[in-house]
C-alpha cells in the first residue's frame, strides 16, 4: 500500500489546480493552461501509481477488506438524536475492479481534454477553473463508497458542465445547457429519493456497538443490515424495492443515456466545445452505467434479476435505435453522439446478462467507448477547427489532403465499428458472449447483433462522405494535423490498439471484482427470494 | 403581585431593550433634526445589545407575566424557551443584516429626512416579532401581530412618491387588517368556548368532551387565516407578490425573512402549545383529536409550494420572482411543521437559518444591481456574469442554495426536511416536494442563464461592489458554503433549540 | 318580554340595520353617518352586557375619534365641492354568495354550540376592576399597546406628512 | 319569544361580521373598505363582552374589547394615512382601480 | 524439422507480412523504395512456407501440430468455474498447403504489382495493404480456434475494404469497398452467432476441443438441431466471404480495386477462406446443414454462371466465374466431397489468379480499358499473356490434362454420388449445366479478347506485351494449372499424391442420427480395397457411389465442356449465328442475365432503402416525438421563433412553456388569480375559509 492518501489526492488535485488558477491574473492565459495541464498530468501519474500498486486478486464489491487504497473517516456525525440514533456520513473512498478502469479513464480523458482545450481563448480562467472542478466531481463519483459522498460528487459535476456547455458552446448553447441540466437534475433527484429511502432501511454497527442508519454502500449491500420495517428492506412484505429500483435506474439511465431519455445527449454534444464533448462522452456517460453496477446491482440483487430482460431490452433498443438514428444524421457530431447511444447500449446489454463475461465486456466497453468516442470527438473537433462546419455532406476527398488525420480517423472509426484487433471489438464480443449465454435474453442479443451491421454502415458511410471521393476545392487549404493534435491522438490510438491485441491488461484488473459481483448478485437474489417467501 | 411583574421583567430584557432603543431613536430623531446619519448606528447598537440579551436567554425556560387576579394562575402571557430564543436570535440577526442592507440601499439613502422614522418603524417590527415569538396568550399574540403589521404597512409604503410603493402599502393594509380581523373573530370564538385566551389553558380545556368540534375548527381556521397571511401560505398569500414588488427592497427582504420567521414561530407555538396532547419518546407530537392540523398543513403546504413555484416561472421581475420563491419556501417549511415531530421542527429551524442567509443574500445582490442599473428586470441581467463577476458568482451561489443543490447549505436544509418527511412516512408528500424543487430549479437557473449565457445587447459598465458590500456578501456566502460541507454545528444548535415550554 | 329584551331588540335592529346601510349606501357621507348609528347601537349592546366603561370608550374613541377620522378621510380624498360623494360597488355576486354562506355558517354555528354558561354577576361598575387588571394581569399588553400607539403615530405621520420634496 | 340570551348577541355579532366582510369586499372607495373593517372589529368585540358576561369569565373579555377599540383607532389612523398618501399619487382612492402590481 | 520449429516458422510466416505492413505505414513516405523490402519479405515468407509445407507433408503428414496460449483469463467465474479464452495455432496438411498457396500467390502478386501499380500516388500504401491482407489471410489459415478465425476473418474484410476502395477518389470504388464490408458483415453476424452457440455450450473456441466434445455425444444445448443451426450459421460467414448466393453481390463490384488485388483477394485467397472455413468445420456439419450448404453452393454456381454468360467487362466475367467456381467448392463440401472441395480451392486459386493477372496485363496494355467489346486480336500483341490465359481457361473449363478438370470432375462425381444416395438429383444436374456454361463463357472471353480483329484500333496500336515482372507470375501460375503437379494420372486425381497422400477426409463427429448415412464412419475403410486406393472415402456406400459416378461424370463433363467450347467458337470465332437476333429473341432472358438477375436492384429497393427509410423515420421520431414529448412546446416555440426571428431567447422560453404545458391549466390559472385587485384576494380568502371548513370539519 502507498503511504499517502492517494485517492484523496487524485480526486482533489484538480481542485488545488482550480484554486491556483483562480488566484492567477486573468491575462496570463498560457500559465493557466499549463497549470491545468500540470494538474491533470499529475492526475495521470497518480493513476499510473495506483495501477502499479493495484492488487489484481482483490474482489472488492461488498467486502470492505478487499477494497484498495481505502480512506475512511467520519465526515459528519450527529449523535444522540432521539429517533435517528446517530446520523453519520463517512468520507469513504476506495477502489476495486469496477472503479479502477474508470479512474484510469477519467485521468486519461481529462488530460487529453486539457490538451484539446489549448485553443480555448474565451475567458480562459473561468474555463479551466470549471474544467478542473468538473474533473474532481467525476473522479469523486468513481472513488466514493458512501452514497452520500457519491451523490455530492455526482451533483458537483453538474454545474461546471452546465456552464462549460452554456458559455463555451455553440450557437444553441443555452438550449443545450439547460436541457442537459434539467435532464440530469431530474435524474439525480430520483437517485436522491432512493438514497434517502435506503438510508432509513438499513443500519450498520459502528464503533461502540450501536446500530445506526447508514449511507455506506457496502453496508447497504448486506441483507443482514436491513430492518424488517424499512421501506426498502427485502424483509418488509410491503417494501418498495421495485419502485426504488426503477427510480434509481431511471436516474442512472438518463446519464447513460438510455432510450428514451437520450435526447439531451445530441444537443449537448453538438453545442459543447470539443474538449467538453470529449469529457461528456468519455467519462460522464460512464457514470450512469457505473452507478448501476456499483449501486443498483449489489443493493437490489433480487430486482436486478427480475428486470434483467428489460435491461437487455433497453440495451437492444439503444443499440439499434442509436445506430439507425445515427445513420440518418447529417451533422458529424450528432452522428457521433447517436453512435454513443448505440455503443452504450452494448454496456446495458452486457450488464443485463448478469454473467462474468457480459459484465467484463460491459465495463471494458465503458472504458473503450471512453477512449474511442473521445477520439472521435477530437476528430470532429480537429475538422471543425479548420473548416468551421460539421456537415457530413460538405466534405469529400479529405483523405489525400490530410493523410495523417485520415489514418487516425480510420483507426478510431474501425475501433468504433468493432473491428477485431482494436479494443472495441473485444468488449462488444464479450458482451455478446455473455448475453448470448443467457437463455432469456438470447433473442434480444441476436437482434442486437444487427447493431454491428448498422454500426459499420453509418461509420463507413461517414468515412466515405468525408474522406473519399473527389476533393472539394473549398478544402484545398486544410492542413494536416499539427504536433499538439498528434499528442492528443497518439496515446488514444496506442491504447485502442494495445487493448485490442492484449485485452488482458484491462480485463485482469476487473475480472476478479466482476466475478465477485456476479456471484454476490446471484446469491443475493436467491437469498432474498427465499427469505421473501 | 408587583413582585411577579418585576420578576417577569427580567425575562423580557430583549423586548425592553428594543423598546428603549425605539424611544432613543425617536428622541434622537427629534433632537438632532439636521443630522440623522448616526441613526443607523444607534439602531445597530441597539440590535447588538438585544442580540446579546437574547443569547443570554438561550437555555432558559420560564413563564413570564403570570396573571395573579384571574382564575388562571399557572401559565404566563409570555413563554421564554429555547425555541423562542432561537427565533428571536434569528430575527435580531436578520435585523442587523437588514440595517446594513439599508445602509447600502439607495432607495433608503435617498430618504435621509425620514431615516429616524424608518428605524423607529423597523424597531416597531422587531418589538412586534419578539413579543409574537414568545407570546402564549391570544390577545398578546393578536396585538403583537398588529404591531408588526402596522409597522410593516408603513414601511412597505415608505417610498411615498413611488406609485408602486403606495399601492403595495394600501393592499397590505387592507389585506392585513381583514386577515387580522378574521383572526380576532376567531380568537373571540375560542374565548367563548374556553373562557380563556391563554394557549396552555385552552389546551387543557379543549380536551374536554363537551367542546363543540365544529366551532373549534372554525375558530382554528380563522386563526390560521391570520397566521397564514403572515407566513404567506396559500391561499392567504395573495398580498405577497404585490407587496414584495412594491415595497423598498430592503423591506421586502426583511418581510420575507424576519416577519415570516416570526409568523412560523407563532404557528408552531400555537399548534404545539395549543393542540398537542403529548410528545412521544421519539419526538412525535400527538395532537388533541379536535382538529386535523396535519392534514390542513400538508394541504396548505403543497398548495403553497406548488403555487409559488409555478407562478415564479413566469416572473421577469427578479424581486417578484423572489417573492414567489419565498412563498414556495414557506410551503417547504410548512411541511416541516406538518410532520408534527421534533425532527420536523429541527428541519424548520435549520431551514430558516439557511433561508435567512440565502434569501437576504439574493435580495442584496438584486439590490446592488438595481442600484446600478435601476432595474430588477431579468433582461437587464444579461451578460452580468462578465460585467460583475463577483456579484454574479454570489447570486449564483445564493440561487443554487435556494434550489437546494449541494454543496450549499440549502441542500442540507432540504435534506433535513426530506429526512423528516420520509421518517414520518410521508413519502408521497416528499415526492411532491421534490418535484417542486425541480420546477423551482428552472426559474433559478433561468437567472443564471441570463447572467452568463445571454449576451447583453447594450453596452454596460462593469459593476464593482464596494468593500462593504463585498464583506457583507462574504459574510453570507461563507456560511452557506461552509455549512453545505460541514453542517453539524447548525444541526446541533437547532437540536438544542427544539424544545418548547411544555404543557 | 321584558324591557331588557325590548331594549336589546331596539339596539340590535339599530346596529344591524344601520350596518347594512353602511355597506350598501351609495353616498359615502351617508355611510359614515350610518356607521355612527351602528357604533351607537353597539355601545348600547355593551351597556346591556354590563360593560359600561367599554360602552363609553366605544362612544369616545369610535364616535369621537375613528369616525371623525374616517370623515376627514372622505373629505380629503374627494373634491369637497362635489356634493354627491358616491362610490360604486364591485364583486357583488361573489360577495353575496361568500358572505351569505359565511353568515349562514357562523349563525348556525353560534346557535348550535353549547357555550359555557355560568350564572354569575359582574360588578355593577366595571371601571375599577378593569383598571386593576389592566395594570396587573394585562400590564404587558397594556404597555405593548402603548408602543403600538407610538408606532401608529410615527407611521401615520411619516406617511401622511406633506414633505417638501 | 325566547328570553334574550347569549345567542341573541352572537347572532347580532355574526350578522355584523358578515356585513363587515361584505363591505370590505364590495366597496370601491378605500375609506368605505375601512368602514367595513370597523364592523368586523365591532362584531368581535360584541363576542368578547357577551362571552365574558354569560360565561362568567371575569373582566378579561372587556379588557380585550378595550384593547381592540384602541387598536382599531391606531389601525384606522395608519390606514387613513396610507389612503391619503395614495390619493396624492393616484388622485384616486378606488381600490379596484389600483392594480398596477399584478400578474 | 521438429514440431516446434514448424509451429515457430509458421508464426514467423504469419508475422512477416505484418512487419512489412507496419514498416510501410510508418516509413513508407520517407523511404519510397521500401516496397521492395516488402516484396522481399513476402518472398522470404514464401520460402519459409515451402519449407513448412515440405516438412509437414514429409514428416508429419496426417498429424496436427498445435500450440495455444491463454489470451484472456476470467478467473473463477460463478456457476461456470475457471474460464479463460485460449488462442493458438495448428498446422496440418491442409493448413500447410493453404500456407503455401496463399504465400505463393501473395508473393507473385507483390511482384506483379511492382509494375502494374507503378506511378500510383499511394504506391507504398498499396504494398502496406497487401501486407496486412496477407497477414490476415495467413491468420485464418493457421488458427486453431473460432475466435481467431473470426478476428482474422474481419481483418481480411478490412484489408479487402481498403484494397477495393484503394482508388477512393472514384465514388464507385469507395462504394464497392463499403458494400463489400457491409455485405460481409451480414454473413459475419451469422457466423458470430454460430460461434456463440458453440462457445456458450463448450466454453471454448478451440476447434479440437469442440470436435472432441461433439464426438463424445455432447451436443450444443443437447440438441442436434442446435448443431445444425450452428453449422449453418457459421456457414453464413462463408456465404459472405466466399460470395455465395444471396450475398454474392459484393464480389463483382469489388473489381473496382486494382486488378492484382482482384487476383489475390477476390479470386484466389480471401474468397476461398469461406471454403477453407467449411473444410475446417466439416466434421461437425450435420446432414441438414450439409444439404443447405449444397443447395446454396449449387444455386450460387448456377446463378453466377448465367450472369457470366453476358457480361462485357473482362473482370466482371472473371468475377462471376469466380463466384460460380466458389459455388462449386461449397457444393462439394455440401455433398461430402471434402477433398475435392479443397482440391478445387487450390487449383482454382492458381488458374483464377492467372486469369486475373492476365486480364490485368491486358488492361494495363489497353490503358485501363476493361470492356471486351473494345478489345480483340490481342493474341498477336501479347503472346505470353495469351497463352497463359488460354491454359488457365482450359483449366477452368475442365479440359483434361489441366488441373481444373481433375478437381471439377471430382466434384461432379461427388454430386452424382450424392444424388444417387439421397435422391437429390437436382444438384448434379446443376453441376453439369454449370460446367457447360463455364466452358462457354470462358471461351467467349478468350475469343473476344484475343482472337479476331481489333475493334479499337487506337488502343490496339498502343498495346504491348507487359514486362517480365508481370508475365513471370503468369507463367508460374499457368504452369501450376497443369495436372502433373497433383497427380500422375491426367484423367483421375484419385490416385495422385495430392488426394491420396496429402488430403484425407476426416472422420465426422456428428452423431449418427443427425448425419447422412453415407457419412457414417470409416469402419469399412480398411476392408474395402477402394479406400486404400482413393483415400477420400467416408463409407462403403459413398465410396462405391463415388467410384461408380467417376466415369459417367467424367464423360458427361467432357461432353458438356466440349459443347460449351464449341458453341463459343460457333458464336464468336466463326460467327455462324447472328447474335443480335438471338439476343433479341431471348431478350428478357438476356436482360435478366445482363442485369445480374436484378439482385442489386432488389436489395436496394428492400433492405437498403428500408434501412435508410427507417433511419430517417426514427430520426424524425427522435427529434419530433421523443424530444418533442420531453419539451413539447419547444417545437411550438421553434415554430413561433421562426416567425419572430428571435431564436435564442425563445428556445429557453420554450422550456418555460414546457413547464406551462406540463402544469397546463393550473399554472396559468395561478397567474390569473393574481389580479392585482386586493378585494379579489379577500374574496379568495373568504372562500378559502369556507372550503377549508368544508374539508377539515371534524365530522
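We just call them A, B, C, D and E in the order they show up, numbering each chain from 1.
The definition used in the following text is that a contact is a pair of C-beta atoms (placed from the backbone, for glycine too) under 8 Å apart; a residue touches a chain by one contact, two chains touch by 3 or more.
Bear in mind that the values here come from a model prediction, so they are computed numbers and not experimental data.
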| item | value |
| --- | --- |
| Contact distance in steps, from chain A to chain B | 1 |
| Intersection of contact partners for chain C and chain E | B, D |
| Identity of the chain that, by mean CA position, is farthest from chain E | C |
| Relative to chain A, chain with the most remote C-alpha centre | C |
| Inter-chain centre distance, chain D versus chain E - centres from mean C-alpha coordinates, in Å | 98 |
| Chain C and chain D: spacing of chain centres that average the CA atoms, whole Å | 6 |
| Whole-Å gap between the CA centroids of chain A and chain C | 72 |
| Geometric centre distance via CA averages, chain D-chain A, whole Å | 66 |
| Per-residue multi-chain contacts in chain E, two or more chains | 648, 652, 655, 671, 674, 676, 678-680, 682-683, 686, 689, 693 |
| Chain B: positions in contact with at least two other chains | 70, 139, 143, 146, 150, 153-154, 157, 160-161, 169-171, 174, 178, 182, 192, 195, 214, 218, 241-242, 314, 442, 449, 454 |
| Residues of chain D touching at least two other chains | 10, 17, 20-21, 24-26, 30, 33-34, 45, 50-52, 55, 57-58, 60, 63, 67, 71, 74-75, 78, 81-83, 85, 95-96, 98-103 |
| Every chain pair meeting the contact rule | A-B, A-E, B-C, B-D, B-E, C-D, C-E, D-E |
| Touching residues on chain E, where the partner in the complex is chain A | 25, 71-80, 83, 121, 147, 150-152, 154-155, 158, 161, 165, 168-169, 171, 174-175, 177-178, 181-182, 185-186, 188-189, 192-193, 196-197, 199-200, 611-612, 614-616, 618-619, 622, 626-627, 629-631, 634, 648, 651-652, 655 |
| Chain B residues touching chain D - in the complex, by the definition given at the top | 70-71, 139, 143, 146, 150, 153-154, 157, 160-164, 166-171, 173-174, 177-178, 181-182, 184-185, 187-189, 191-192, 195-197, 241-243, 245-246, 314 |
| Residue ranges of chain B in contact with chain A within the complex | 281-284, 341-343, 386, 400, 405-407, 411, 415, 418-419, 422-423, 425, 427, 430-431, 434-435, 437-438, 441-442, 445, 449, 452-454, 486-488, 491-492, 495 |
| Chain E residues touching chain B - in the complex, by the definition given at the top | 648-649, 652, 655-656, 659-660, 663, 666-667, 670-671, 673-674, 676, 678-682, 684-685, 688-689, 692-693, 695-699 |
| Residue ranges of chain E in contact with chain C within the complex | 679-680, 683, 686-687, 689-690, 693 |
